Amino acid sequence: MNSRILQIATNTFREAVRDRVLYNLIAFALLMSAAAVLVGQISIQIEKLVVINLGLTAVSLFGIVIAIFIGIGLVSKEIDKRTLYTVLSRPVRRWEFIAGKFFGLVGTLFVNTFFMAIGVFAALAYVSHHFERSDAWVLVALYFIVLQFVILTALALFFSSFSTPIFSAVFAFWLFVIGSFAGDLRNFAAMAHGITRWLATAAAYMVPNFSALNVISEVAHGQAVPVQLIVLNTAYTFVYAAAVLSGAVLIFERRNLK
Amino acid sequence: MILSQRINIIAATILICGMACAAILIRTIDQAHASTAVQETLYISSPKLLKRLSLGYHGLFADIYWTRVVQYFGGVHSRGGGTYNLLWPLLNITTQLDPHLIPAYEFGGTFLSAKPPNGAGSPEQAIELVQYGIQNNPGDWHLYYDLAFIYYDLKDYRHSADAFLKGSQLPGAHPFLKIMAAQMAEHGGDIATARMMWTATYQTTHDDMIRANAAAHLRALQADEDVAMLEQLVQDYRVRTGRLPQTFSELISARMLRGIPLDPVGHPYELEDGRVFISDPQDLPFVQKGLRPGYIPSPVPKLMPAN
Amino acid sequence: MPAIEIFGLEKIYNTGFWRKRAKRALHPLNLTVEDGEIFGFLGPNGAGKTTTLKMLMGLVFPTSGSARILGMELGDPRMKAQIGFLPEQPYFYDYLTARELLNYYGHLSGMESKQLAKKIDAVLEQVGLAGSAGVQLRKYSKGMLQRAGIAQAILHDPKVVFLDEPMSGLDPMGRREVRNLIENLKANGKTVFFSTHILSDAEALCDRVAILGQGQLRGVGAIAELTAGVHGRVEIVWQGTEIPADIRSIAEYHRAAEIVRAVLPEESQDAALEALRRRGLRLISVTPVRTSLEDYFVARLGTPRDAETVSIQTQAHS
């Protein structure tokens, strides 16, 4: 079982690479270099702040775009192109297929983020000429960004298992936006009354909690991230992604392929 | 196909348990997150930048920031006060994004000027905020009322009367603005004025926190009056009988009182050596009389629900 | 033990916006395929052949009925390890090379890495792709893709091989090669189940065939048995250019030089010869035409296809 999932994951990774997806790293590198040089020259006393804010936001956004763009086609493309026929006629369980696709894309994003992280630290070194201890928190911020990718990949895969690419992209994008305001949504729900309150609360807790995974500005100010938050966010991502993937499996298990 | 049945059951279980655990974890994170200093940073602190970034959706963002104001204030308040550093920036952003968000001005007027631990204790910022509101909503008399209140709190009775007067001249203004203008000009420091002000606030506001605040003030005023009146009765008794009454029953026997006097929260007053004391001053935050010597009010003013 | 047993397999699709219109892709089908035979699954396009195959592969779920392959239930991974499948007009991951593709599929079928490498080379050789093993599939021609498809279907040495239109897109050389391949498979003891709408291929290869039309089984058996029941035809050749009226109405004919060649139903042979004799036309030859599968086909399936959507008034479940 594990080797089949690994095979599918590796294949998914290979597809992303050969699809020249990783070229976005070049665009990112250029962006970071330009920003670092520009900021380094105008000396506005908050060079570090700008580099970290810009760098981490860019890592996050690039990754979100990739996660959505590739994620929405993970299943639907294989069904459309009928490459799935020769896979499922083999002793591969349908849920193994979903798992493999998931790990493949997450792996791709992880590698992508890794290289981007190097870019961010390089730009940081350029503007501040030395590293401080508080810069280590940038790694935590990056880790949280990867957790965001994990959730978003699971969501994109979920939609891909029953919907066309366009709708999947729209749903995934909106869930990302709403999820970024999940904290505020919970506030709104707490202030509502009656049925609205119930519905709003239910929605507020089902939407992915991206707001807690965004610590970019705190880290930019050199603030520490509490270990408790790291543990809780990790647990949350694990549990939420598992739930979403189970949903994808449930749908995919029953799907008649065209 | 027993295999696929098993998979379905496992998947369904993970789905339900997963979402349940996720919800629990969210609650845990919210609670943990709130108590750390992480909350104290504003993501973007420039209102102008924020307005541009909101891509035209500044109404929505104003609403979001307004809910954050309420949550922030409530959170700090329930933890025993402390500093309300972010109150002004949050209100500033909210009103810059939507200058017509009237509740924000009322809230800011009240709690920016209120003294700690009840508020931020910066009346100048409160005045600045409300004046910005008046500038952008020239036809709204409520804002003049809010302004008048701030000045009243600062004991600047002239400016307060001024604000009432200006407000009363607006079309649709509540008639009591004119009354208050006159009252404030003549009798700014009287208890009667205070009572009128707080009653007006209590009756007109839609905000629960502000109403609770007004109710607490009214109870305090009532208690102050009661204590003054009771001590006067004690003195009258002494004049009449030549000695101090030991309990209120003696005053009742002397037909000076009809029953055991109770304070506004329902506890009986205490009589000791001719002085009247409140049995539980914690319940009456803003009271000034009837306090035993050495009494230090708690840092968290206990605002009971308005009734 | 039969290789494939189909018990009343049926598929009804619910189409339309409210999912009320039912389309019967396959009426309940009963079929048995014996071990070691080459079985042809024939029918015009849209007859339900691919639907049947998809249900056997577990890609589509039957509305009712069941099937067993090698005695095991559909969906059983042990069964799937012993079958190979070539879908119609296959499309593979075009960013992979043939070798990488087979490597991927081999692992998915549970083959060990060591023996896999050797087997891949052998299979590529067998289908004639040894030279293009390192080229990305996006550069392959249709015929090469077909051959790659066959390669992945036989890579793991399956007992039963399912081929959906295996000759499609191949030139005559390619078709000859595929035919040889299929015969080799049988020689190696495998069962081959292939669907096609090209009857000559079926005639050349199959032990038995089943004919499907509009989702229903119209006939099943050995070809000789099936064609025996169909009335034959006869070819009459005579000299001259004249065609008697009687013959013209019942025969297909064509003229070349001073010869007329007519093919007409066997039972009209005597009447036709009589007509020629009356005209005094000189007879050159009378030859029986072997009834072909095509004759059987046309006889069983009739003429123009009717609409394939059959409205069913009653509740249909999917």
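Here the chain labels run A, B and C in written order, and each chain numbers its own residues starting at 1.
Throughout what follows, a residue touches a chain if its C-beta (ideal position, glycine included) is under 8 Å from a C-beta of that chain, and two chains touch if they have at least 3 such contacts.
Because the structure is a prediction, the values reported are computed rather than measured.
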Closest chain to global C-alpha mean, per-chain Cα centroids: A
Per Cα centroids, the chain farthest from subunit B: C
Separation of subunit A from subunit C, taking each centre as the mean of its C-alpha atoms, in whole Å: 47
CA centroid of subunit B to CA centroid of subunit C, Å: 84
Distance from subunit B to subunit A - Cα centre to Cα centre, in angstrom: 43
Of all residues in subunit B, the ones touching two or more other chains: 3-4
Subunit A: positions in contact with at least two other chains: 93
Numbers and ranges of subunit C residues touching at least 2 other chains: 77
Residues of subunit B touching subunit A in the complex: 3-4, 7-8, 10-19, 21-23, 25-26, 28-30, 32-33, 36-38, 41, 43-44, 64, 67-68, 70-71
Subunit C partner contacts - residues on subunit A that touch it in the complex: 3-4, 7-8, 11, 14-15, 18-19, 81-93, 254, 256-257
Subunit A to subunit B touching residues, read off their complex: 93-95, 181-184, 186-188, 191, 205-206, 209, 212, 215, 217-218, 221, 223, 225-226, 228-229, 232-233, 235-236, 239-240, 242-247, 249-250, 253
Residues on subunit C engaged by subunit A in the complex (per definition of touch): 54, 57-61, 77-78, 80-81, 83-87, 90-93, 95-96, 104-105, 107-110, 149, 152-153, 162
